[in-house]
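One chain, chain A, links the two complexes that follow: it is found with chain B in the first and with chain C in the second.
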Partner chain A sequence: MDNRTDGRRWHDMGGQDAGPICDDQHDFSLWEKRVDALMILCSGKGYFTVDGLRRALEDMGEDAFESMSYYERWIASINQNLIESGAYTIEELGVKMAEVQARGETYGDASLGQ
Partner chain B sequence: MATQALDNNVLPVGAKVRIRSIMPPGHVRAPAYVRGKTGDIERVIAPFKNPEQLAYGLPAAEQILYRVSFSAVELWGDEAENPEDRIEAEIYAHWIEELETANAT
Partner chain C sequence: MPHDHHDHLSPSGHPYRQDDDTPLSYWQSMEIAVRELLVEKNITTLEEISTQIDKMDARGPALGAAVVARAWVDPAFKSRLLKDGSAASGEMGFDVGPMHLIALENTADTHNIVVCTLCSCYPRNLLGLPPDWYKSRAYRSRTVKEPRKVLSEFGVNLPNDTQIRVHDSTADMRYVVIPARPSGSEDLSEEDLAKLVTRDSMIGTGLAMMPNA
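Then we have the complex of A and B:
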């Protein structure tokens, strides 16, 4: 976690030297669209705001930015905020994750389970 | 003397301001490249709940959001590609210090 107190934090990179920008377009997969929709639902229900999303993303630090994809970081941040806001407990999350995992190997299997 | 812009003291368009240079850890909505820099109020946008409180799930008082205009030279110094360029950033009142009261003509 990035808690440096000596100035600029890693994400605050405006104005710094940077490499070329990749402007490739790509399609989003179903799970990524669902993560985006989940954020809208969480905000609409009052669990947390986009500010909380950003705060947890920033606190993940630069390593997460390099090692996780955009929506992998989003779902981690959404989960952090939902735990903090009391939407579910960590124990409940663990039970649910095991239940989903038991449905099967593929995303399709996991999604189709009740 | 610089004074922090308060809720009940809406800065006029054209007011000369400096962005506070403090560097706290945590969720901050004023980018580092404008902190400590001088600009002027381009427009008063609207009050919004302070996102730096909302980010932690805390009650948040409203702060006025301003659009502040900076010269490229102020931000980038000799490295400014086009010294005549302006850079505008949207900054909350609690990050803004008023340098003088503008008398717009």
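Then we have the complex of A and C:
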């Protein structure tokens, strides 16, 4: 698959061979629901489009598809689109993430109990 | 349920993701940072985010099932649904958003199944968020190539002369399957009919349940 000669990119999966379909299901965590909500809200406010979301997702490449979860890829794409559209700068993000990570070791602590 | 596992199951009986049991991840810290920056810059508010989550939580297969049951009992509604899925769903008070909703009717000789080979497009406003398998490489890759085998893995074994139509979603439209109304359901009310309509039957990886099953 690394040496595709058919002109298709990695995400264009239709028709490839693959293993059995795993029907394990998880309930979405709060942080995942928040990522989903940020996508809907920010695209609704015109900061980016679903095409922008997908462009960043597809440019992450196949390794990200295998190594990151669905909403991990989404927050990475949302963040990239928001920086591109000028919602905040990459410096502001860096400062904020360091501040968040210093708050505690769990999601609840880092999210200030929210 | 074993006591020592109790805390790891959600009210629906599904396990929570490991994320909730492990230390803060890099991507979780990004979500918190992005959310706080957006609030600080007055782009959104915490209330708006939580309202959006509530809206999403309120959407599930029951909405799609109500549409299917209406189509089963009301031929005029069914023809409107097949002509313009978005408008017909809107009649029932279900806003499917800016996407075009296309309803696909299963018949005695045709079975429809929906996939999104490129990503994860799904009629979320009618069915809720997609199941994990819908977004998996295996489902996305194989459904367009060997739908009969995929269906059999979901326990759906169709006669060889049933035509299977595979529908690949795009970013601008969504599909929902109208499963065949099961035999023996003639006397059921619309409300009871809706209970026979499963999520998978509206994706095409399942059939409607039989009455009294």
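As a convention for this text, the second predicted complex is superposed on the first by the 106 of 114 C-alpha atoms of A that agree within 3 Å, B and C clash if a C-alpha of one lies under 4 Å from a C-alpha of the other, contacts with A are read in each partner's own complex, and residues count from 1 in each chain.
Here is the rule we use: a residue touches a chain if its C-beta (ideal position, glycine included) is under 8 Å from a C-beta of that chain, and two chains touch if they have at least 3 such contacts.
Keep in mind it's a predicted model, so treat the numbers as computed, not measured.
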item: First (chain B), second (chain C), both or neither touched by A:Y107; value: second
item: Contacts of A:K45 with chain B and chain C, given as first, second, both or neither; value: second
item: In the superposition, chain B vs chain C on chain A residues touched; value: C
item: First, second, both or neither for A:R54, with chain B first and chain C second; value: both
item: First, second, both or neither for A:G14, with chain B first and chain C second; value: both
item: Which superposed partner A:E84 touches (first chain B, second chain C, both, neither); value: first
item: Residues of chain A contacting chain B in one complex and chain C in the other; value: 12, 14-15, 51, 54
item: Chain A residues touching chain C - in the complex, by the definition given at the top; value: 11-29, 31-38, 40-42, 45, 47, 50-51, 54, 57, 65, 68-72, 75-76, 78-79, 82, 87-88, 92-93, 96-97, 99-101, 104-107, 109-111, 114
item: Residues of chain C defined as touching chain A within the complex; value: 10, 12, 14-17, 19-20, 23-25, 27-38, 41, 43-44, 46, 48-50, 52-53, 56-57, 115, 117-120, 129, 131-133, 135-145, 150, 153-154, 168, 171
item: Of all residues in chain B, those that touch chain A in their complex; value: 23-28, 31-33, 51-52, 54-57, 75-76
item: Residue numbers on chain A that touch chain B, as the complex places them; value: 2-9, 12, 14-15, 48-49, 51-52, 54-55, 58, 81, 84-85
